[in-house]
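This is the structure I want to talk about, given as structure tokens.
First chain written, first letter: the chains are A, B, C, D and E, and each begins at residue 1.
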Amino acid sequence: MNIMLELYGLIAIGATALAITRTIPVHGLLYLVVSLLALACMFEELGAPFAAMLEIIVYAGAIMVLFVFVVMMINLGQPDQLREKGWFAGGAWIGPSVISLLLMGLLVYGVSHNTMAVGTVGAPIGPKAVGLTLYGPYILTVELSSFLLLAGLVSAYHIGRRIGGKS
Amino acid sequence: MMMFALPALVLIPFIGGLAAWLVGLRGASRAAWVSSLITLVLMVVLLAQITISSFAAGAGAGGWFAHFSMAWVPMLGINVRFDLDGLSLVMLWLNAVIALPCVLLSARNVADRAGLFHCLLLATVAGINGVFMATDLFLFFFFWELMLLPLFGLILIWGDAGRQRAVLKFFLFTQGSGLLMLLAILGLVIVNQQRTGVITFDYFALSQTALIAPIAPVLMLGFFIAFAVKLPMVPFHAWLPDTYAASPAAVSILLAGVLAKTGGYGLIRFVVMLFPQASAHIAPLAMTLGVVGILYCAWLAVAQDDIKRLIAYSSISHLGFILLGVFSGTRIGMEGAIAQMVAHGLSTGALFVIAGLLEERLGTRDMSKMGGLWPAMPQFSALAMFFAAASLGLPGLGNFVGEFLVLMGTWQVSHVMTFFAAAGLVLSSVYSLTMMLRVFYGPKKTESLAPLGAPSVPHIAVLGVAALLLLALGVYPQPVLNLSVPASPHVVSIAQEQAQ
Amino acid sequence: MPIPATVWGVSLVASLLPLVIFCPLAVSIILMLTGGKLPARATTLLVGAGMGLCALFAVVSAYSFLSGPNSLGSLHVVLWNWMNVGSFNAQIALTLDRLSLVMMLVVSCVGFLILVYACAYMYDDEDIARFFTYMTLFVASMLLLVLASDLLGVFIGWEGVGLCSYLLIGFWYGEQANAIAARKAFVVTRVGDALFLLGMLLMATAVGSLDIPTLLAVGPHAAPRTLTLGMFLLLGGAMAKSAQVPLQTWLPDAMAGPTPVSALIHAATMVTAGVYLLARLHGLFVMTPLAMLACAIVGFVTILLAAGSALVQTDIKRILAYSTMSQLGYMYLALGCGAWHAAMFHLVTHAFFKALLFMAAGSIILRVHHEQDIFKMGGLRKDMPWVFAAFLAGSAALAGLPLITAGYFSKELILGSAYDLSPIFWAGALFGAFLTSIYIFRCVFIVFWGTHRTHAHGKSGLAMALPMAILSVLAIGGGWMEMPDAIANVHIFSNLLAPVLGALPEEHNTSLLILGSLVPIAGVTIAWTLWRPKGEAPVAAESPAIATLRADWGFDTLYDWVFVRPFMVLGRLNRRDFIDRFYDLVAALTQGSGHAVAKLQSGQVRRYAGWIAAGTVAALCLAV
Amino acid sequence: MSFSFLPNAVLVLCLGSLVQLAAISWRRHVARDAILCVIVLVAALASIMMPTALLMNGALPLFAPDTWASFAGALIILSVLAIVLMSRHGAISADPTVNSEYFLLLTLATLGGVAMTGAVHFISFFLGLETLSLALLGLIAFQNKRLDAGEAAMKYLLLSGVASATMVFGFALIYAETGSLRFAVPDLSHAPEPIIGTMGVILVLTGMFFKLSAVPFHLWLADVLEGTSVPVAALVAVTSKIALFAAMLRYFSSVNLGVPSAQVNEILIVAILSMLGGNLMAVVQTDLRRLLAGSSIAHVGYLLVAFLSPVPFGVASAAFYLAAYAISTIGVFAIMNGVLPQGTDIREWHGLFRRKPAAALAMSVMLVSLAGIPPAVGFFAKFYIVAAGVSAHQTLLLFVLILSSTIGLFYYLRLILIMLTPAPAGREAHAEVTSPTPVNAALITVLACATILLGICPSTLVQHSQALIVASPLPVAAPTQLP
Amino acid sequence: MTAADPNGALIVAVILFSLGALGVLVRRNLLFMLMSTEIMLNAACLAFIAAGNRWHMADGQVMFMMVVAFAAAESAVGLAIILRMHAAGRSTLDADTGNRLGG
């Protein structure tokens, strides 16, 4: 048992729960960042320090900042927040909650019936090992992922073009 | 020469249809008509040639006497295989005989896009020819579905009010049931493959498996339903009245004259001959439904106002006899069913010619608006009377031969059913004479309608020839009865042996 | 037994026999093909020639047959093989034996006379060609019916005469009622035809052939139950054709046709086809006492019912129609008693006198402006004495006035055999004879005596008079060829038929004969007291009971309510076919579920995601 | 010694997209970029036929060098080629400043698709899939001034995000169970194994069904097809489905689908729901593209029938069906694009046989093919699938197939019917009928001819399909533990 | 180094995944929905890391990186679309209203 892992997990869950229930996007984003940081800590505990760093840098750093930018650019006003509150009222939660709970229950049931052995004690898999794997057996993956990013890039570029221009 | 005659029977109308279309593109509807007619004449000549050489090869004694085979999809054991037996030959003749007036009479009716009309009509004819000859089950199914497609266009473009609904209904019924048959065909093929290790769609090769397969009843049912829908059998008949009523005259003739017979042909060739035991099991049900159809549709026919619907329902009623005969399990019933197919093709086709002419002249099909037409067109009315008499099964005309033999075959199986079927004879007189009464007799009611003219010479000629044929079939049916004995799938084709 | 056609006489008959049928058929076809373009004179000449030839050939072949070496047996002429499927074989073949010979002569000769009469009767009708097309076709069919050696061949004629009857009843189709009457006649007889067909099927299955000689030879060995059922079915067919209760309703309506039609078809020939059929099959019939009893009962009931109806009719043709039914009843009674000779004899004499009566009635109708109500006629005795004479002769024969009429002898023969079966039948039949004389003389007295109520014009021409004259002679003297021993030992007719029908049974009690002779006289007397000219014009008695009686004892109404109306009304209700509606329902259901499925696409992405999640959850449930 | 194999086509497409990128960055020129795209695609097609060029020692096997991959890859490339041809001069390239990327994105989408067809590893599958998705996103929203396009892209993005996440989660569960990222469905024959592997497969299936748009994961398809331009709709409806189906077939190639298990049951149910749901949905649609969405969903259902009947015809019939489906569906879209680009409402198609007989005829041929009526290729395809189903004794599926095909007939035929009949009075069509460009016309002609010819002489394609081998991923090695 | 429990981490991942799903289902704000999909992807990442930990292999982390790459690209595109729609005239981020496609 690793108490720290549990603790980080709880933090992540709590922060995520808060994140998805905020009415103000920025608040939600901040909770999400907290959750991501907790996750990074979990990665560290799980013996993946490189992943933990990437999580902080790419996720908490880059992607979340992107979100914040967009929030700023769209600059939603007060009416939107009031309306968000309205959307939470009533039965809007029932259906989704039932589905999510079922999903969670089923998956938890599956995971807890797992015969998975307790993780082996061993040295954490550091950046070097990851790098060797990445540029060894998975070399083609790296190349392909660049085209994935290229596709995303071109798409995002094209879609976002001429935002300020006349349409 | 015989070798390629069979595929040529399919190709000639098809190519002729394309030619008619191309000719018609120039805008001359007459030219399309002529080329279509020439095609059919060619087909008839070829058919005559085939018949002559068939007799040389021993036709009339049963068995198969012409054969053609060519690989199509060898990976799946699909061949283009045609075989000819007496039944096929008779049905091919029926097709040719019915198709000719369809083309002949459409000279004037169809001015709009005549080339396309003839193209589609001939394509249908080609498909029907294929159905009557194919002995590769895939090929058979191919033609089975193919012959419907041109009809879609024919009915939709040149049809009457309500055609859209009717044509969709027609297609859904026939195609849906066709898919069931596809299932059955494939089931048979797969069972055969498991038994022998060979994938083949060959009728003859599969007939062995069809005999012994444990799921033969299920497979048979697939075939049966498809053919029962096409025939049609009650309760699958709902498409027919709408379709017949909405079709242009030539198509009604073709539909009633030949297309329904493909169902009967299929029942004989692919249900009774292929699954003798299994079809014997279902025979009581099929016969009961046949009797129900005879009575129920005769009853409905009496109640109709639309003359085409009346003929359509009467047609279903008559086709019940085919069902009875085919499933009576007796040779005599089977022969009767075949005779009935031929006779019904001629008589109902002729009735549709009459209905078509009436509609053309009067602008209505509603019998409550007709009446007293006899003085205006006496010869025509007399011919109508003739066909009404044929339809009610007057002895001496073809229909009687069919009905009598069917009843005789049925009598040997079930007296009760025969009683009810014979009651159908009474009802058939009711609707036939009611039609005469409402259309031709009584005081003249047609002042408000378009003026009548004398029927055209082709009309009278066509009806006259049909009458003669019916009469010939009625008083001397023996050639047809002798020739039309369906050959067993277990008999190897003479021609095929020769080819090997 | 068929013998090789080596003898000259036999070969002559064999070649003439088809011609007997062919002559009227050829006339019919010629008239059909010319399509009414021939002038009336040419038409009548053609018909006269054709029918004359037909009658001539019939007489010649009858003579050669009777004088030939095989006059006791039968002559078989096979024309061609009709159907030959498996073990079943049907031929188009003709048989001449003494029974069919008699029928052939009746049909061709009486037919010839009636057609000659009709030539004059219909001369002014513009559709005369069509009329004679049907008429000659009828004669051909009737001859085929009579001569065919195969039951199936008989059936061709059977249905052929039915069709011609239909066409001729509806000859004046401009009147809707005529066409409806025609349809009714055909449909009702068609019921019988279906029964006949079933009977044939049964016979064919039991015996293996429908060839009549074979049937008669092999049939009696069939299982009695099968035989009984088969004979019942055939009896049903015959009854419908002969308008016997309960299938009699068509005959009065059939009077809508031209009068020669009524004379030929609905009096002399077609309606007697049933009698002929049963007589032909008497070898089988005699094996089934139950069927015979039924036949007798049917005849008995019909005699009385029809006579009762005839008593109150006002239409002259309807009187004759009911009288025909009643007389046919006598024949059926005779058949039921096994008195084949009597039935056939009455058939012949009835053909004479009833054809005569119809012709006379037709002459009257023609000359009083197509008036048929006897109460609107009167005093015609003076205007048309020859017609009166003919009608009187016919009436006397019908009433069976003793000794001097043909009807007397044939009826006495029947009454005698009815007594053998049961005195009740005899008494009823006697009462029927009593009624017969009353109603026919009622008609005579009303029409020919009393004051003029209508003006008669014109004269009946020679073409009409001659046939009537000939038939009058036959109606009076035709009976002398068969007389009871008590009167004179003349048995020409029964001797003629004896090789086919067997010997005549022994003589009957003379007291019955005397009683039977007195009854018609009593009837005429009563009719005279009731309807003799009384100064004022006679009127038809009216009361609900009489109205019912006049309307055929309510049979028509009953059938209308029990069969016709439910059939038609329910048919109209179901005109659009409830099975079709069921498919419409299926289509609507499909459409509806389509809309339901399409509604899932609300456009809200959350819901879409919800479905994805729900689907996943459901799938995960499968795994648990 | 393991070696990795990079399919030629992937390589060519990678290089090609770089070339296109470079060309765009040098100078924008629409015609040149289009031609470049065509050249790249043709080169990729040619490269499929050639022996593998790139083998890497020591790398993980990510792709399988089998005929199935080649077939599906070729099909994808051909379909994209058709889409390129039809989109030239279409509404989408009306704005000259934006359309160069269009062709680049098409190339990238092709790359993703082709990569998926050969993938035998989660990573390569995932990358291919997401490359395709991202490129598609760009294409869907390509007309970025249209709100519809944006909405469609947004929906696609969100839902595909959910689906991808689900699928990745499934990968993770499988990985947790087996320790391998190779394509190998956990062998569940020795129950009661931990169900986590099964759950992983089910989550993966969710992702796959989403992309295939099988019921109940189908809801996005109609909206996306409606929102985007016609050629892109064709791409969504055809190319991405071919790619995904190819990958799915390979993924399950190691599983005996005849043995009931949770995932087989799920596929079965989904197949039934798809066939019925798709057809029922299409019956009531009045928008042609939504109708085609329904049709597409139904066809996925039919494909799943073949999928569930692998022995002995399943793969071959699926291949044939994919080809038939691709030809006919692209044909329909090409005709839409060429003749009635604005006429998405089916009522606009009234009387097309009068206005544009040739196009209407071609359209009818395509619809007949989709409906599965001879002599069009769709008939043989359906026949083949039914043959597969029959030989695998999939009775239930087959009955549903027949039922739903019959429903399907209704709307295909109704469309032909509409084209044959003039518009009812007062409801005349508003949309302008345009003449297709020569390229598009040629494309339509080729497709129509192919539909008929392949329907009449299917033996060549059958021969190819029968020869297809889906290489099973290498046998799963026992999870190796680090010492 | 204490032994980490991959099962526990997996359960956390499951819970996060479900929360993400809940977010997508319940929120109408496009931005939050996008965030929720990121949460789901993150949960998958965690699962991968946990599984990698179980097998003690680097594959998990490699996959993690690919997923992160995808997540980045996806959110970039997604945000671009949001901006685009906003610019094109859809004033709110409400996903339920203003839909033109559907039915």
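Everything that follows uses one rule, which is that contacts are C-beta pairs under 8 Å (C-beta built on N, C-alpha and C of every residue); 3 or more make two chains touch, one makes a residue touch a chain.
The UniProt protein names, listed by chain, are A = NADH-quinone oxidoreductase subunit J; D = NADH-quinone oxidoreductase subunit N; E = NADH-quinone oxidoreductase subunit K.
Keep in mind the model is a prediction, meaning the values are calculated, not measured.
Common neighbours of chain A and chain D (chains touching each): C, E. The chains that touch both chain C and chain E are A, D.
When the C-beta contacts at A-E and at C-D are tallied, the pair with the greater total is A-E. Chain centres here are C-alpha means, and the one lying farthest from chain C is A. Chain nearest the geometric middle of the protein is B, using mean C-alpha positions. Centre-to-centre spacing of chain B and chain E amounts to 64 Å, using the average Cα coordinate of each chain. Inter-chain spacing, taken between the CA centroids of chain D and chain E, is 25 Å. Computed from the mean C-alpha positions, the centre of chain B lies at a distance of 38 Å from the centre of chain C. Once the centre of each chain is set as its mean CA position, chain A and chain C turn out to be 101 Å apart. Across the assembly, chain A contributes residues 95-96, 99-100, 103, 106-107, 109-111, 114, 116, 120, 122, 138, 141, 145, 148, 151-152, 155-156, 159, 167 that each touch 2 or more other chains.
Among the residues of chain E, those in touch with two or more other chains are 6, 10, 17, 20-21, 24-28, 33-34, 45, 50, 52, 54, 56-57, 59-60, 62, 66, 70, 73-74, 77, 81-82, 84, 88, 95, 99-103. Along chain D, residues 123, 127, 130, 134, 137-138, 141, 144-145, 153-155, 158, 162, 166, 173, 176, 195, 198-199, 222-223, 410, 481-482 each make contact with two or more other chains.
This structure has the following touching chain pairs: A-C, A-D, A-E, B-C, B-D, C-D, C-E, D-E. The touching residues of chain C, when paired with chain D in their complex, are 590-591, 593-598, 600-601, 603, 605, 607-609, 611-616, 619-620, 622-624. Those residues of chain A that touch chain E in the shared complex are 1-2, 5-6, 9, 12-13, 16-17, 19-20, 22, 25, 28-29, 32, 35-36, 39, 42-43, 45-48, 50-51, 54-55, 58-59, 62-63, 66-67, 69-71, 73-74, 76, 80, 83-84, 87, 92-93, 95-97, 99-101, 103-104, 107-108, 111-112, 114, 116-125, 129-130, 132-134, 138, 141, 145, 148-149, 151-153, 155-156, 159-160, 163-164, 167.
Every residue of chain D that touches chain E in the complex is listed here, in rising order: 122-123, 126-127, 130, 134, 137-138, 141, 144-148, 150-155, 157-158, 161-162, 164-166, 168-169, 171-173, 175-176, 179, 181, 222-224, 226-227, 290, 479, 481-482. Contacts from chain D toward chain C in the complex involve residues 154-155, 158-159, 162-163, 166, 195, 198-199, 202-203, 205-206, 209-210, 216-217, 219-220, 222-223, 262-263, 265-266, 270, 277, 280-285, 407, 410. Only residues 598-599, 601-606, 609-610, 613 of chain C touch chain E when the two sit together in their complex.
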